[in-house]
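Please go over the structures that come below.
Next, two complexes with chain A in common: one pairs it with chain B, the other with chain C.
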Partner chain A sequence: MNRAKYVFRTFAGPWSSILVLGLEVANLVQRGRPWRGELLWTTDWLGIVFFLAGPVIAGFCAVDASRLTRTDVLPVIVVTPRPWRVYLDAVVWTAGPATVLHVVAFAAALSMGIPGIGASNVGWLKILAAFAVQVLAVWWFAALGSAIGRFTTPIAAGITGAGAALIAFYLLSFREGFAPLDLGSATVTRLGLTIDGGYVSLQGLVLAATTGMMFLLGARRDRRFHLADAAVAVAVLGVIGVGMVAGPDSRQVPDRGRPPENCYWGDPVVCLYGEHQRVADVTVGDVLELAEAASSSGYGFLVPSAVHEMSWSYRPDEPEIRGFIVSDEVLTGGRWDQLELVQMLVQPSHCAQLFEGPGPSEEFYDLEESLVFTWLSLLEDPRSAQLEDIADELSTKVLDPEEARLAKTVIDSCNY
Partner chain B sequence: MRQNNILRTWLRIHRTRIAAAELAVASLLSAAVSNVGIEQVGPLVFPVPLLGILVVPVLSGIGAATASVEDFRFPLPHRPALSVLRLVWCLGWVAAAVGISVAGMLVAPNSAASQAGAELAVVRNVLVFSGLSLLLVRRWEGQFIWVPAVVLTLAASMFGFSEARYEWYWWATVFSEEATGLQLMVGIGMVVAAAALNAFGRRRMVGP
Partner chain C sequence: MGVRLESLSKAYGERFTFGPLSLSIDTGVVCIVGPNGAGKTTLFELMAGVVTPTSGSVTVTALRPGLGFLPQTFRLPPRPTCNQFLEYVAWLHGVPKVARSERAQRLLEAVGLIDRADRPLGELSGGMAKRIGIAQTLVHDPGLVLLDEPTSGLDPVQRVEVRELVARLSGQRVVLVSTHLVEDIRGLADRVLVLNEGRLLYDGDVGTLEGLADPDAPGDSALERALSGLILGARR
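So, the complex of A and B:
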C-alpha cells in the first residue's frame, strides 16, 4: 500500500489509468454493442481502444521518463545505483494498471456475449494469442514513450511521445501485408473468419523484442543520445522492418465454412449461427411475417424453403435456400428493416456472380427490384427507413403472380 | 542595457524557445497538409475526410500555451503591472499561433482546403486548443498542458461523429469544416478567460 502511495505521488503515469478507464468504458458502450456473442468480433472491437489509449500512455510515460532525466534538479536517477530500475518502475506502474483495465474490459465484454460466446469455433488459444498481442501493445506504447522521454525536456515530452505513438499506429497498424500494431478492428460481423496463428505469434515476437529494446534506449543518468542508442534504435526499426517484409499477409483468414447450426422449424426454416442466438426471435418472427404475407396473397412461390445466415466463408448453394446477413440495427437490438429483409429473401445467394467478378447485369437488378417491391406491396405498412428516399415509380413497380413467377425463375437460373 | 536585461530575463523565465520551436513545426505542418484530407488513421475510417489543417492547431495551441509556462522553481518578485504584461504576452502568443497556422495553410499552392473556406475553422481550432492548453500552464510545471487538447482530438476522432444526424457532435466541432460566429466567440472567450486566470490568479509572492 505504501508502495502504491509512493508511486502515485512520484509518477504521472499511474494517473493515466483514469483516462484509460474512461476510454475503455466509452469503447465498450458505444454504438449499441453489436459485437456481443461473437468471440472474434469482441476481441477486435476491444483492440481499437489503443488508437486512443496508446498515445495517452506513451505521452504520460514520456513525461515521467523525462522528469527522471531532468538536469535542473537532482533527479532520483543520480542517486540510485541502477538507474534503469527507476525507468522500469515508471513504465510498470503505467502499463500495469492499463493491462488490468484491459483484461477487465475483455472479461466484461465476454460476459455481455453470453450465451452466444460459447458457440464460437475460432478457438480460445487463438483468441488468447490475439488478446495477448493487445496487452503487449500497451507495454510497447509505454516503452516507446519512456524511450522518447529520456531525450526530451519535460514540457515537450508529452506531446512528442503522444505524437510518436500516433504516427507509429498510423504506419504500423493498417497496411497491406504484415502490420505489427494491427490489434484488430471491425464494424461488421467476423463470422466465418478465424485468426491466423502464425500472424499473431509473429506480432507477439516483434512487439516483445522491440519493447525490450526500446526499454534499453538511454536507460542511464543523462539525456544525451549516445552511439549505443543509435544502434538500438536502428535495431528496433530493423526488427519491425524484417517482420513487415517477411510476415504473413492477413491477421484474419476464412475458416472452413460451416453452415448455421441453430434452426427454427417454420415455413420457411430459419437457421442462425449460435453466436447470434440473441437475435433469433426477432429474425424468425420478421421472416415468418413476410412469408405469411406472400403466401396469403398467392405469391407463396416467392417464399424459399429455408433461410440461412451467411458468413465470410459460407453461403447457400441452392436456389431453395436464401441467405441473409444480420444487419447492425438488429444486432443492436432493433427490428428488421423490411425492405432489407425482402431483398435478402429475393437475392439468389447461390449465384456466384453476385459475390465475385464484375457483378450481374442491369436486367438482373430490374427483375430483383420488381420482385422486392411486389413483395413489399403485399404488406399493409412496410417497415423501412429507406422507402421514403425511393422514387414513387420504383415502389409502384408491382408484378402479378404469373410475371413474378417468371421473374423468379430467371434470377434463380444465375444466367445474366 | 537595463531594458535588454529585463527582456532577456522575461524570455528566460518563460518556455519561449520550446514554444517557438513548436509553433515553427506547426507552421511547417499546416503548409504540408494544407490540402490533405485524412480518410483513415489505422483502423479508424472517417465518415467524411478530415482536413489535416484542422488537426495541426493541436500543436499550435499547445505551443502558444507553452510560452506562458514559467520556468523557475521559487517565487519571483511580483508587481500588479506584471499581470497585465503576462496577459498581453499570453494573448500575443495565441495571436501568433493563429497567424502562423492560417499563413502556413495559405502559402501552400493549390490549397483545396483554403478554397473551401476553412480558414475560420482553423482560427477556431487554434483558439479552442490554446484555451484548453492554457488551463494547465500553472499546474505541474506545465508538463501536462498537452493532455486536454490531445484527448479531445482522439476522443472526437473516434466517438465524435453522429451517424444519425450525419455531423460532428457539438463537443467534437473542432472537426467541422465551417466555423460559426458563435464558435469563434466561444473560442475567444475560452482563451481570454484562461489567460486572465493565469495572469491574475493567485500566485506565490515575495517582496514588498
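So, the complex of A and C:
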C-alpha cells in the first residue's frame, strides 16, 4: 500500500489515468454509439481513443523518465542493482491503469451491444487478438515516452514524448499496406469484414519486440545520447521497417459473404443481420410505410419482393431483391431518412456496374432520380433532411405509373 | 571478507586518470580523504558499478550481498513520507513485502526519525535528509555501504549526529566514507585512505597517520598537518 502511495506522490504517470478515463468515456459515448451490436466495429471503435490517449500516455511516461534520469534524486537509479526497475515501475503505473481502463471500456462496449454481439461471425480469437494489439499499443506508447524522456528535461520530455507518439500514430497507422499501429479506428460499419489473423499476429510481434527494445535503453545517469541508444533506435526502426515491407496488406479482409439471417415477413420481406437486430423494428416499419404508400397509389411494381441489408462482402444478386445499408442516423437511434431509404429501394443492387468500373451512365442517374422523386411524392409528408435542396426537382420529375414501370425495367436491366 | 580492488583504474581522456589502485578492505569504517579532484567520487562510482573501469576489477566478498550508496548531493522527492520512501527503496532492492515495513520502522528508529515517519520528506531539515539518505543505503541490509561526503553541508551538531549514526550502523559490513573533514576521520575511521590526483598516498590507521605529521605543514592538529604534508609533498 505504501508503494502505491509513494508512486502517486512521486510519479506523474499514474495521474494520466484520469485523462485516459475521460478519453475512454468520451470515445464510448461519442456520435451516438452506432457500433453497438457489431463485434468487430466495437473493437475498432475503441482504437479511436489512441489518437489522443497514446500521446497522453507517452507524454506522462516521458516526464517521469526524465525526472528519474538524474543522479541527485533519491531513490537514484544507482542505488539499486536492478536500476531499470524504477523506470519500469513508472511505466507500469501509467500503462497498467490505462490497460485496465481500456479493458473495462471494451467490456462496457460489448455489454452495450448485447444481444447483437452474439450474432457476429468474426471469431472471438481474432477479436481478442485485435484487442490484445490495442493493449500492446498502450505499453508501446508508454515505452516510447519512457525512452524519449531519458534524453531531455521534464517539460521538454512531456512535449516531445506526446508529439512523437502523435507522429508515430499518423505514420504507423494511416498508410497503405502493413501498419503496425493500425488499431482499427473505424467510424463506419464493419459488417462483412473479418480480421486477418496473420496481420494482427505480426502487429503483436512488432509492437512487443519494439516495446522490449525501448526498455533495453536501461538506466542512465545522464541525458546524453550514447552509441548504444542509437543501436536501439536503429533496431526499433528496423523491426518496424521489416514489418511494413514484409507484412500483409490488409488488417481486415472480406468474410465469406453471408446474407442477412434475420428476416421479417411482410411485403416486402426485410432481412437484417443479427448484429443490427436492435434497429429491426424501425427499419421494417419504415420500409413497410414506403411500400404501403407505393402500393396504395398504383405504384406497387416499385416495391421489391425482399430487401436485404448489405455488407462489405454481400449484396443481393437478383433484381427482385434490393439492398440497403443501415445509416448512422438509424444506428444511433433515429428514424430512416426517407429519401435515403427510397434511393436504396430503387437502386438495382444486383447490377455490378454500380459498384465497379467507370460506373453507370448519366441516363441511369436521371431514371433513378425520377423514380426516387416519384416514390417520395406518394408520401404525405416525406421525412428527409435533404428535402429543401430537392424541393424544385421533386415536383418536376414525378413519373406516371407507366413511365415509372418503364424506367424501372431499364435500370433493372443493368444495361446502361 | 570485504572488498578487493585489483589494478583498478579509470581514465577520463587526458584530463584525469584514477589509479591503478590495488587494495583489500575488511569490515569496519574506512575514510577516504583527499582534496577536491582527488578521485574519491570516482572510486565510489567504480565500486558502485555505475562507472565502468578502464582496467582492473572490484570484487565484493562481504558477509552480505548488496550495495548501499549515498551520493554526495541528492534530492528527495518532497511529497512521499519517510516511511513510504524507505519502503519503496526496499521494494526497489527486492526486499520481500513482509519485511519492508519492519525494515523501514527499524531504520527510522535507528536514524532518529521515527517521530517523522509519516511526515513528507519535503519537511525534513538538511541533517534529517542526510539521515534518511543514510537509512536508504541500509534498507536492504547490504554488505557494502558507500557514503560520499555524508557530513558535507551540515552544521556542527548535525555532523556529530551523522557521525554517531554511521559508527552505530556500521556493524558487520564494509562502510566507506568519503570526507575532507578531519573530525570525520577522527570520529569514524578504523582505517584511512588518502588520495590525491587519483593516486593513493596513504593507507593505514589514524594513529599512524598522525605520526606522519609534518611540523612545517599547515594545520591546527597533528592529523591536519599529516594530511596537508602528504598532499603537498605529493604535489612537489
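A few notes on this one:
Following the convention adopted for this analysis, the second predicted complex is superposed on the first by the 405 of 416 C-alpha atoms of A that agree within 3 Å, B and C clash if a C-alpha of one lies under 4 Å from a C-alpha of the other, contacts with A are read in each partner's own complex, and residues count from 1 in each chain.
Following the convention adopted for this analysis, a residue touches a chain if its C-beta (ideal position, glycine included) is under 8 Å from a C-beta of that chain, and two chains touch if they have at least 3 such contacts.
Model, not experiment: these values are computed from the prediction.
Of the two partner chains placed by superposition, A:Ala119 touches none, neither chain B nor chain C.
Which of chain B and chain C touches more residues of chain A is settled by the count: it is B. In the superposed model, A:Pro55 makes contact with chain B only, not with chain C. When the two complexes are overlaid on their common chain A, residue A:Val239 makes contact with neither chain B nor chain C.
Of the two partner chains, neither chain B nor chain C is touched by A:Val269.
Contacts of A:Pro154 after superposition: chain B is touched, whereas chain C is not reached. Of the two partner chains, chain B is the only one touched by A:Ala26; chain C is not.
Of the two partner chains placed by superposition, A:Leu88 touches none, neither chain B nor chain C.
In the superposed model, A:Ser173 makes contact with chain B only, not with chain C.
The interface of chain A with chain B overlaps its interface with chain C at residues 72-73.
The touching residues of chain A, when paired with chain B in their complex, are 12, 19, 23, 26-27, 30, 47-48, 51-52, 55-56, 59, 63, 67, 72-73, 153-159, 162-163, 166, 169-170, 173-174, 181-185.
Residue ranges of chain C in contact with chain A, taken from their complex: 45, 48-50, 66-69, 71, 73-77, 79-81, 83-85, 87-89, 91-94, 100-101, 133, 136-137. Looking at the complex, you find that chain B touches chain A at residues 15, 18, 21-22, 40-44, 59, 62, 66, 69, 73, 140-147, 150-151, 154-155, 158-159.
Per the touch definition, chain A reaches chain C in the complex via residues 2-3, 5-7, 9-10, 70-76, 78-82, 85-86, 89, 221.
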